[in-house]
Structure formats: structure tokens, C-alpha cells
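One structure coming up, written as C-alpha cells, with questions to follow.
Every chain is named by a letter (A, B, C and D) in the order it is written, and numbering of its residues begins at 1.
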């Protein structure tokens, strides 16, 4: 309500009450003002009512919501289903223009503001998370892999002779395919084993650069967040080498924003050497639905070049999700989540260690990996190679999601390239193992239940007494009589 | 509620009522069954309650909604904000896997079903709209331009020597950039003028093919939907030529699904010649938010290859929007929208013709363009070249969106390529003009208001008596006294 | 956004776009201004976005949504469930104060405005619907029956000797109980038969008044809307008599707002005689959920006395529902609904007449009842008295809701009073019959389907060949193969 | 999805995933089964997704949501606005029938189930909260006051000679009006002062009973929860006396469910003597919107009699709110809230004591009141009688809600009865005072902020240096520069 409407209201309800109501409104406006002025994530999270008020205000500014609009274009932001209109807060025009995904749309002032603010708030969070000197970033409604592809395609125009991408091996399909899709030839550099850890083989990398010729190399493509026992790449050394040979350097920081270690590596790499862009997933770092990424870098004009490579408007949905989420959490809320991630990492490590010991296994020593852990499965492998894969499906059935079992000797062809020891980031890792990660948002319950169920599975596999069929029975909880599925249970019950 | 729960309910509420309630539930289930069985758009639209029931059922099958789940992976579908969770119906895992955007996710059975069904329902609608022999398609959460890029990137692997893309000129940035981003060289073929229409110059196209050598050409990139006076490309002839020279052929069918003419051209092209893929926007054809496209084709395995090129999971948001929309409309509802588009096209043409006559202008004769129309602005141009652009901003201020004014002699550099006469699809189109389109969802009110406001603008420009500042005044509606902005009005009032 | 925030936004997005966005906002504000200024139902309905904007603005003014509020009272508008908060738009404080349900709450300025505006908009609609001289009204979150009770309880204080309520018989439990609950003795006056119609027996009424003594009579309690063959009471004559004897007169106008005839009767009654209050249901007249009523009258201070009788705050939910609904419809939308009600009444009458003829029955001639119709079931009764009730349950099973079968000779005790011929408003109505009503919101499909199913039921009952069990089978629709329940079908299918 | 649909889905998505999805569904069904079977509040709260699934299932069973329904009645549950339909989860038919608010509706099986379950779950919570022997209860969509009226109106039929209601004084308008509205004469019994506490004067009560004659007394109307320094009535003694004289006894337990002390009093009263009904507010005890109450008692048939007195159907909205809330909280969540209420009571008492001491005042000693506290304002009164009321408005302006200032010597006429010392429950309480309450849902922040602001107000009043106008200035927070209103602040800022 504007001041005129507040005045009229004073004739209906007592002026002093209306004045208080209008002051209350102003306090929401103040929060919005701070956001607009500073472009930063607010320190304290906003209430749902402030967020919805703000989104409604934005929507009102888009032409599809003008009360007197008439549209005779081919794209007018019309919506056939009111369910759809509502779930997008009537922000229909997406983000960007045909020329630039970060550009402003004349038809959609509100959506344009949303887009600008989101990029600005996200930049603030990247700084807060450790990359203090980041210069520019934008949210793109594509997976991390496709976003890497966009970076590579942008580099093509700057390095017409570039054919190869130097890539310290990480066994994850989409970052490999990102290079293939962009039309380049990945040069896979095997990792070296240091203790239990798999680390960047800097010598091999440099050898490859010299062998292929720097000018034929599009870029170095390194990785931070990854499954143990692989650890983040030696970013400082890779960045230094990139600078030395004048080769662009793109970092796959998929779920690294949540880890101060990964962010520190990027900050350091950029300080001492060269990092052109680093790409991270929205969903894994900010607890939003799958589908968006952030492309960030230290040189604003290069990041802008990338944003200008996206042909066409794009979905505003991931931007909206991350903006709502960061406004809800506030900087303090996000910091709290990061602190919990660290705490749960320690707890998970300690519990896995205890469990491993009890089953004659070992928590692999991978101190450089701040998120993922691995526990050896040597005993299980000895017993029968089938047991290792069986453990995986037992965990799946028991609703332990994300635990990942890696057997030895896997071979797999990915886009025409054969990977020996696939999934283990190495041609011959010495142990089969099980991965578990402490990712942002994990709770103590997640860890406790996982350890409990894992323990039961291991016991049951050890016994070989698979007499009692796993998926057979339905048990009752002793305390409340609730029907519980299998030996571990589909149904949460507080006694369990 | 399952049958057990219905039985228990009979002890609370009379059995005959419960039985009726359970039968009522079954009728929703029946609709869902038909959808699952046939994978087609239901003939009649579903009620909101059936749709929400269905989406809730899907969500329940995703692991992030399992009541007893514990997650120790790096991506667990956790959501920090309940506003975000709700607007996605708690479907958080997106679509696809790192290997393939059309693949099934073990963690997300419901989302996987959603993805499969959406692609299947959309395929049904493409058939219904006229491309009866389409074999396969998938929804991708990217703009039409970026989707074209993905097609070109896929073709690179099949045609390693392909450097050029033959492209009958259409002045729209994102489809041009789609080729640049993919790393290819667009070969722009100017259109020829036939009457008022700009049409494909088949001779020039074939000349280029011969000149460059078929094996060096990645593909032909043609266009259906476009702004008048350009008309859809001669698809049959282009397809025939593509087949003759064994060159792939990709069609930009941006907003062509809504037009039986465009769809017919594609169907015919594929019948007599070669079309490898055709790409269309979700938002422009299905009245959903910006951000998705459909990649479709006549050879299932090629379409699958494209879907396997997308590296990583992707946003399910556009798929969800289009599925909700098509279930809401039903096939009959969509057919009705198409019929209205046609009817409004006729109405718009007739009104523009009348208006043009009144102002000494002419509705350009462009019968091959089924959506967009153009009215000459020769008189305005004669008066002053500034008047033409002024008309554009006057319409913008008066909330006429989508009307597009094209002056003569525009030059523009796009990604390093100079376009003379930019926006007019021609180096020297003989008239300046104004575009208006009858796109799906347009209403009779849109047309009437647009004509009314356009008339006032033209009159006001003619007079040159811009004495009364346009944005100055606020008038009252004569009938109701409502304050109305400017001379045309921001505020809709039914008397106006 | 206030003007300050718009200014700041101009640094982020181009000022001319922001200006347009801010003007767009103003057009919503204008609508709100008109509502606040005039307190009338807007002529044209508002868009959902204007409505939600408005409700959010109201909510922001309530203390439970103040960002800096601290609460140390016993009622602070706290909400434990966010589902609940959202569904009430965070308007938690209800309406009224302990002293008066129409009073303003200091803690809840927004809710107070809502309450005032609702009463004002509803008053406007009562006028529009025909009671032009209504002086005051308020929405109360109670059923029509309980609202009548409140009126009677208020009258008690004005007429301490009043023990009896004169009540022309209408066989509907809650209005009878309204008198019992209030602690009065209903004096039932039987109706007289005129043609097929049951009408007020004015002579008997006056006889009763004289017999009991006017001062011992609390009030006359008359009825407008009712099931045929009863027709609205002779309000003019009752009102004239009430004036003559100085007896208060309360009208049960349950679903009469939708009928210009009922409203005209009230307007006329008040003009020529005495009507103290008339009460109508929200749900039946305005298509909102059950639970609210409007108490209205021609003397503002008496209506205020009633509103002051409600002890305590009350639910704002019915007020919110009716306000949203009337803002959505607008006056023009409500008028349209009323016109459709009339049209469907004619259609239903004609179809029932046709059907009756085909089955040897008769549409009873009840021209004074503008909503409900009755068709004789003499033939069915002759066949077997059980058939009449069986018809009722057959219709229920076939999802014909609201059709009401009235057999002869029903006796029922209601709150200690024996009604002979219960449900027929008469001790000995000459025909058994079936009621069907054309109430606001009814569609052509409702009528067509009802007639179709009724026809089948009558045929099946006539045949006595109940060989094929009614609830047995599931048939397929001939056109689409959809499974259809029973012989009539639970599942709507457009071919059916 | 039923089992048939799950089977069909196995053709689309791998059977093992579908099986897991179907098991996940079953775990929601299990929770619903337990609720249906036991009719108790679940121990652990449900997730939002289970709740919405359940409500959707209920809605599907109501005839207004039948896909094949045709309606020809006067009330068909039609809804004009989709905003309204959605916010009620499409449960439109309300609760009850014309005969009984607890009855089942044939047209609305889902709503009927909802109603039955709500009453059953609420009964369970009353037991859990301390009234273990409660026999029956029902939720009614009316304020506590109006619900008391309904109880009194029911008693009238059992005690035709009853004219008086014995009422130990409590200065709250709606419970007084509840008696007036029902048509009875309240007999106000003044409280006696014991220390600082105002307590029931049992002798005076008994004297009145004897004086008026038990048979002329409709009932005793006692109170539990109230503002200090009044304390809950001596229920045991009143109940004993009621039994002795065979007089019904109705307890106003407005916000007493949240206090084990109040509930214990009721339990004891019923054990040793007579309590016919006790009435409590939904909003104050369960953190739902204003508008509902629970009528409960120890004799099922009497409670049923009351529920049969409500004439007509009623709003389901309060039932829906309390059901959603209790399912969300679970019994454990509600218990936790009660524990926090107690803890905050202690904290508030301690802080008020400290503050009082600092300002030369005293926390009144009222150990029998478990919710409300009072701090003397003798000093302020001495200074100027205006200061006391000024404190009230200062607190209001500073967004301290619920703090209540009671000056001396207030006289007020309520419904024709003069109350001396109104608001203080006593004709001559010796101190002016300020009330603050620790009600369910209060947070530590509420207390801290309240004390802080109260302290500032008291200081500012003491100084008499009201030179700086209170509402004048806007200050900046020292830390963040945020604009803060007045001396205390409308805008929450984490530094403050």
C-alpha cells in the first residue's frame, strides 16, 4: 500500500493503528532497501513474509502482470496453467536476452532485477566462503558439466589452435563429457598414490604440456571436490604452471563452495598463478533443486564473455531458488551450515573409523579431502568379489542413499575412452572401498542411521548366513508396534 | 489411501460413504493409469486436484522424501527453504544422469517417471500438431538457441570435417549465436524478395553447398517461425537438397508448434527429404515460463545421441511446467488454443489492414507467414526517420508489448559478422514497418487494445502536435472516474 | 516497494524500465484505493496477483508479522505450522474483540481492515442483488441456523416477555433448532395448498398472534428460499402484520441472495412493513466453503446490537473467503452468475418436464419458487413404496448429489416436536416427489448429466428387472475404452 | 498410486526402483493407518508431505471433488475462486449436519473423517495435558465465549428454572457476555485478597447459592487461566460444592490447556466433585488462528447434547488448522512446547523481578498463576496517574504486544453491569501494575526484548524528561547503520 492508501485507511481503522501498520511495512522495505543498495546476502535471514512480499513486488513489474498490457509479440509471458504461474510467483520471462544471459529485458523489469540481484548475492557468498578476490560470477540454469562446456566453447574463440584439454583424472562422467561435448580431446593424466591418497601428478602434467605444445592446449581442467581417496588437485601448482605456459585454467569446483579448503585452494591458485574460471553446482552447495551452476572468475570481462556465449533467454528457476534460499538463510545461516558440515565430517570420520575397526577394515587416510571419506573393504573382497557389489544393493534397499561401493578392476568405456579401474580414479587402486560423504545439510541422524545400517549389512554379509531373505520380512518396532520394513526399516519411528 | 486404510475408515464413517469415497479415488487413479499406459496427452484436461495428487505421488517416490532415508552422498536432494521445496512439489533431483539427460535416476524414481512421461506426452502433442511421423523427442531445460548449439555439437562428432553451417538469413540473434557458440562458421544466405515476402533463395543455397563442398558443411540450419515479411523457409526444397548432398539438416522451429503450417512444412520436409532434428521453444508454444526447448527428430537413435551429449543432470522445472500445462489443457484444450491462434490471426490481419488504410499505409502481403504480420510505415518514415523509432517507444510506454518497429538502414555487428538492414532479414527491404503477431494465447482484447493504442499513437505522431507531453498527464475515465495514466492508460477499466 | 526502493533499483536496471514497473505497481494500488475509498465490490474482478498483493499488505500490518515485535500476552497470533500460516495469508488474529465482533483490534490492523471491508463489500452486493434499502450487515463465522439463534438471543433483551416464535412451517432442521437452541417455543403454522404450491397461511398466522398475545411473541420467523413445492413465505403480508402488531420479524433468507425474487420480497417487506433482520448463508450464495452467514437489516443500530452479542473474537476465515471471492468475481461476475442461475433454472425445468412426461409423471407447478423444482413420483409410489427411497440411493451411488426424494407419510421427532409428513413441509402433501434445484454455480453439464442418470434410474426401477445388479459392473466407454463404473459412471469421459 | 499403476510404471522405470518407490509410499500409508486405527495424536510429528498427501486423500472423497459428480442441490460445495479452493485443500463442505455438528455428511466423506479424527486427536491431547479422565470433546468454530453460551443454552433445557449463573469475578468481557447473550443473569462474586493474589471467595459463593436457591441457578461458571494477580479459581472446592447442591458446573479454561496446573485443577475437580463441561480456545493453546474452541467434558452424552444444539453445518477451518498443527507437532512436539512455556515463565519471572527491583517496584507474588505475572507500578502512579496509561501506549508504539497496564480506579459498564476497578478483577486492588504472560510459543527473544524495551520506557518516564518526543526520531544502529525507529526500534537488526 502506498501512502495515499494508508491515509484512506485511516478513515476505516483508527489512524494510530494504521500508522503502526505502515511503520511495520517500512521495516520490510528497509530490508529490501539494504539488499538493493548493497547487493549482498543479508546477514540475518529474512522471514517468509518478507521474501514473498519482495517476489510479489518483482512480479508486478513484469509486463505479463501489467493490468493494462496488450501483447502482440511472439513471447508475451502468457501462462496457461495457474498452478504453473503460482509456482513461479508469476515471474515468467526467464532471465537474459538473446544477446546475453546476464542482460536486462525491457519486458521484464522484475525478472531482470531478480537476475542481477541473484548474481550479486551469490558473488557475495563466494567471497564469504573463501574466494575473497573473485571479481564476477553468474548463475546459469545448466548443470555443472554443461556449464564447463560453455566455458570451453568460449575459450575456443580465444585459442583457435587449442585442441587438447589437460585433465588430471577424476572418475565422474559429466566433467569428462563436458570436454567431449565441447568438441575437444581430453588428455587424461593419471594420479599418483601418496599414502592412501590419489593426488595430481604435476610432473606428468607438465610433461604433457611440453609434449603437445602449449598453444595446442585449450586449457587445463582441474577439480577440487571429489570422492576419496582422490583429493582436490594441487591447484596452486597447476595455476602456477598455467601462468608459466600461458594456458587457460578452468576449475571444476562442483561441490566445493561448502568447503573452506576447496575455496582456499582456488583463492590461492588465483593469487599465485592463473585461474580463468571456476564452476560450481547450485544444488550441491546451496540445497536447492538440481539444475543450476555458478560460473565465476577473477576477470570480469572474461566472465562476461562466457555469459554472452549462451544463445537465448534462460530459465529463471534456479536463480529464483538460490535467491530465496540465501535470503532465507542469511549469511549467518549459511555460515552455520558450513560449520555443521565440518562438524559432521569429523563425526562421520570417527564413526566410520570405529566401524571399520570392528569389521577388520580401515578408514583410508585422506586428510586432504574435506568432504568424502573411504573405508576399505578388503575383507569383504577376500570373502567373495560379489559381496562388495551386494553391499551396494543392500544399502540401497535399506534407504542408505549416497553410500558408494567401489570394487576393483572395473573397466568402462566413456565416450570412446577406456577407463581402467573406473570409479576409483586410478588404474589400480590397492583397495576396494566404500565412500560416504559429509555434504552440506547432513544431519547427525543421517550419520548415525547410516553407520547402524552399514553395520547390520556388514554383519549379515560376513555371516554368509543369508538364510533370512533380506527383502522378505516386515518387523514390528518393539516399542510402538509400528510395522517396519526389512531388518532396517523403511518407516522412521522414534524408538528405532 | 490404500485399501487397508479405507477399511479402517469404515469404522469411523459409514462404510457406504467410504466406499463411494474410495470409488472416487479410483477415478483419479484411472486417469493416471491411462497416462502411464498410453504415454499420451489425455484428451480432456485433468482437474487441478488430479494433477496435484499425481505430483505428490511422484514426489513420494523420490529418495529425498523417503521417511526413513539417510543420505551420505554429495547430492541428496536436501532443500534448505520450504518455499523452494513446495514450489517444486518436493521433486528436487532434476532429470537425467551424468551419462544421459533422458536416463533414469535410482535415487529419484518419481522424477524419472516425470521425465519419461513428459517426453512421451510432448511427443504425442508434436504428432497431434502435424508432425505425424516424428520418432523421438526430449525436453531440455535450455533455450532454443542453446539447444541448437547442442545439436550442432553432436553433429561435430559425426562430421569431423564439417566447418560451415548453411543458414538462410533470419535476423534473430540467438539462432545466429547458436552456431558461433558451437564453434562453427555460419554461411549467411540472403533471402529473395517475392512480392512483399522474403523467401529462401534455393539457388544461392545450392551454390554455396557446391562452392564449399558438402563434406565441409556441418549442416543446413533452416527456420520456420519468423517475423514477417520473412516467411518460413522452403523446407521441402531444403530437405530434398540436404538428402541429395547427404548434409544433415536442423530446423529452428522456435514457435512453430502452434502453427499447423510450420508443422506441415516439417512433416513434408522429412517425407520428401532429410531433416535430422527440429528444435522448438517450450514457452512460446505451450505458455509456460521461459527456459525449455524440445529437441525432436525422425530417427530415434540420433535424438538419443543428442540427449547423451548433455553432460550432467538438469533442471526438471521446464519439464514439470509443460507436463502440468498439457495435463491441464488436455489434447482438446491445446487444439482449442491452436484454433484460437488462427482465428485471432485473421482478426489481427483484418484490423491492421483497416488501420493501415486509415493512415495511408498498407498491410504487407505475407500469406506464407501464419503468425506474424507487418504493416508498412512509409508515410511515417517520409515525415521523419525519427518518428519510426519514436513510435516504438510510444507503444512501449503505453504497454503495448511485442509490437516491433523496424526502421530502414540499420547496421549491426553480431559476433563479428556485420548485418546490413538488421532486423529486417534483408540488406535492403523496401519499407519500414511494424510487426504484430498472433501467438498462441492471444485474446481478442489484446488485438483490440493494440489497434486502439496504435491508432492513437499514429494520430499523435502525424499531428506532430506533440505539444501535450505523452507521459505527462493522468486522465479520468469518463464513465467511472478511474484515474487513467497518459493518453492511453496503465489502468485497465472496463469502460475504456 | 516504496519510492525510495524504486530509485535505488534504477541503478541496477535502466530507469525507464523501473519507471514502467513502478507505474504498473500503481495500477494495482489504484484498484486498492478505489476499494478503500468506496467500500464497494469492484465492478470488474481483480486478478489473483492484485488480490494476493492486497492480502499480503494487510497481513504485514498485523502485529504477529511485525519484524521487531515481542509478545508477552496470552494471545499473540503465533502459529506453529507454516502450512496453517500460509493458508491464512498470515492473518491470524481473527475478527472482532471481546466486546463486538465488528470492532477493531489494536493488535491486528490488517485483519480489522479486512473485516470492515468485507462487511462493506457484502453490503454492496446485498443492494446489488435487490435489497436496495439495506442499512447494515456483518459477516459472522457461524451457520445460518446459529446466526438466527444469535438474532433471537438479541431480541430476548428487547422483549423480555417474548416466549414464542411464530414460524410458518418449513421442513429443515437447523432453522427449527435455531429457535430451540435460543430457548424459545416455536409455534408451527402449517402451510396451505394452492395448486401444487405450499404457501403461507396468513389467516392462521394472525390467529396465532391474537391467541398468544403479541407481547408474548418474540418474533415472526419467516423463510424465503426453500424446497419446492413449498414457496417463499408471503413476506409483504407477514411484514405488514408484524408492523401492525409491533412484533419483530426475522427472515431466514438462507440461499435467497442468488435469487432476485427472494431479494425483492425482502425489499418489499421492509418497504411496506417490518423486517428486523434477514440472515443468509455465505456458502450457498457465494460459492465459498461452509461456515459463514450474513446478518443484515434496515436499522443499523439493531444490527450493531446483534454484532455486540457475539462474545469474543471470531474466525476471519469465512470473511476472507467471501472477500477473495467477490474481489475475484467483481460485481459484473456476480451478476453473470445470477443470470446463469436463472437460465439454468429454465433449462432444468424444461428438461424435468420432458423427462416427467416420458415417465408418466408431472413437473409440479410451483412458479413462486425461483430455485427448487419438484417432479411427482406417483407412478413409482404405486409400484412400490420402497421404490421411491430406492431411487434416492441409486442417485447417490451414481454421483447425482443434491437430488432429494420425498416419500409420503414420513413422521419425525425434531427436538421434541413431532412433524407429520416430514421433509414435505406439510402434514399430507398429495404426491411423493423428487427435488432438483438450480443453485448458483450450476452448469449445463450438471443438468444434462442429472437428467440422463435420472432417466436411467427410473427406467431401471420401472423394469423391476433389477436382474443386472446396479453396482456390479464396470463398463467401457464405446468411444475411448475408458473404464466406466456401473451403468452410469464414476469416471467422466468426454464421449459420455 | 494404486498397485495397478505401480505395475504399469515398472514398464517405464526399472521395477526395482518402482518397488522402492511403492514401499516409500507405504510408509506414509502406515502413518495414516495408525492415525485412523488409534485416533491419537502421533507421537512424532508428520512431515509436510505426509500431511498434504493425507489432506488430498480426504478431499478426493468429498463429492464436490468427484470427477463424475453432477449436483442439483442447493449446496454442492462449488467454489468460485481457486485461491479459496486451494487454501481449504478443496474441503468445502464444512463439518456436521443440520442435526448435529459432530455428525457425518453423506456428501462429504473426507470432511466427515477429518472432523471425527480432529475431535479424537484433540481428546488425546487433552488427556496428555493432564485431564486424563476426559470422556468426550468436540471442536467448534466459535470463540470460547460463544462456546460457553452454547453450553449455557444447552443447560437451559435441563434446568428450566435456572435463571442465575454464579460467577467468581474475572474481568474479561467475553466470558461475561457469554452469560448475557445466553439470556441469564450473572451473579458476580468478588474475589478475596490473599497476599498479592486474588482468589475465589468460597464462602461468598456458597452464600449466594443458598440465598438464590440451587434450583434457580443454571450453573456455576468458573475460570482457570487469567491475568495475575487473579489466580485460577478453587476448582476442587467449587466442584465439590456443585456436587453438593446438584448444580451444573462449567469451566472457562480459555488458555489453560497449555498449563499442567490448570489441567490438573480440572482433573481434580472432576474427580472430587462436579464439572459438566470445560471450554478452551484453540488459538491460545495450539498456536492456530483465532476462531475455534474445544468443548469437553466427563460425560459423553452431555457433550453430545451440546454438539446437537448447534443448528446447522459449520466451518471446518478451525478443525483443519488444529489437525494440521497437531500432526505437524506430534505429541512429543506439543510436550516440548509445554515444557518451554514453563521454562520461559521462570525466566520471565526472574527478569521482571530484577527489573522491578531496579525501578523500586515489586514482582507481585502470585504463585498460583502459572502463566501470567504482574509487576507493581506504585512509583509510577505516585509520580502521575497519567504515567501509568502512558506506559501502555509507549509499549504499544515500541511493538511490545500483550503487555497490559492496569491503573487504579477504573469503572466500566459492561452489558448493563457496573464493574468497579475494571480490569483488576477487584473493586479495590491495592496496586496499579503491569501484566506480562508466558504463553505457549513464547521465545527467549520475546522476553529479552520486552524487558529491554520496558526498562527504557520506565527510565524515560522517570526522567520526566519527555523532552525528546518518543515517536520523533529515527536512529541508526551503531553496528550496521540500519535505520531504527524511535528509541527502541521497529526494525529488528541482529546487533540490536
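For the reader, a short list of remarks on this structure follows.
By definition in this document, contacts are C-beta pairs under 8 Å (C-beta built on N, C-alpha and C of every residue); 3 or more make two chains touch, one makes a residue touch a chain.
The chain lineup, named per UniProt: A, B, C, D = O-phosphoseryl-tRNA(Sec) selenium transferase.
All values derive from a computational prediction rather than experimental measurement.
Chains that touch both chain A and chain C are the following: B, D.
When chain centres are set by their Cα atoms, the one at the greatest distance from chain A is C. Between the Cα centres of chain A and chain D there is a gap of 45 Å.
Chain A and chain B have Cα centroids lying 30 Å from one another.
Centre-to-centre separation of chain B and chain D, using mean CA positions: 54 Å. The set of chain A residues touching two or more other chains comprises 20, 24, 26-27, 31, 48, 52, 63, 66-68, 82, 106, 396, 399, 490-492.
Those residues of chain A that touch chain B in the shared complex are 48, 51-52, 63, 66-84, 87-88, 91-95, 98-99, 106-107, 141-146, 148-150, 153, 156-157, 172-178, 180-183, 225, 227, 254-255, 281, 283-284, 286-292, 309-318, 321, 324-325, 328-329, 337, 348, 371-372, 396, 399-404, 436-442, 445-450, 453, 489-492.
Chain contact summary for the complex, chain A toward chain D: residues 20, 23-24, 26-27, 30-31, 34, 43-44, 82, 332, 396-397, 399, 480, 482-483, 485, 490-494. Residue ranges of chain D in contact with chain B, taken from their complex: 1-2, 4-5, 8-9, 12-14, 17-18, 20-22, 24-29, 31-33, 36-37, 39, 47-50, 52-53, 56-57, 59-63, 65-68, 82, 85-86, 90, 104, 106, 109-110, 112-113, 116-117.
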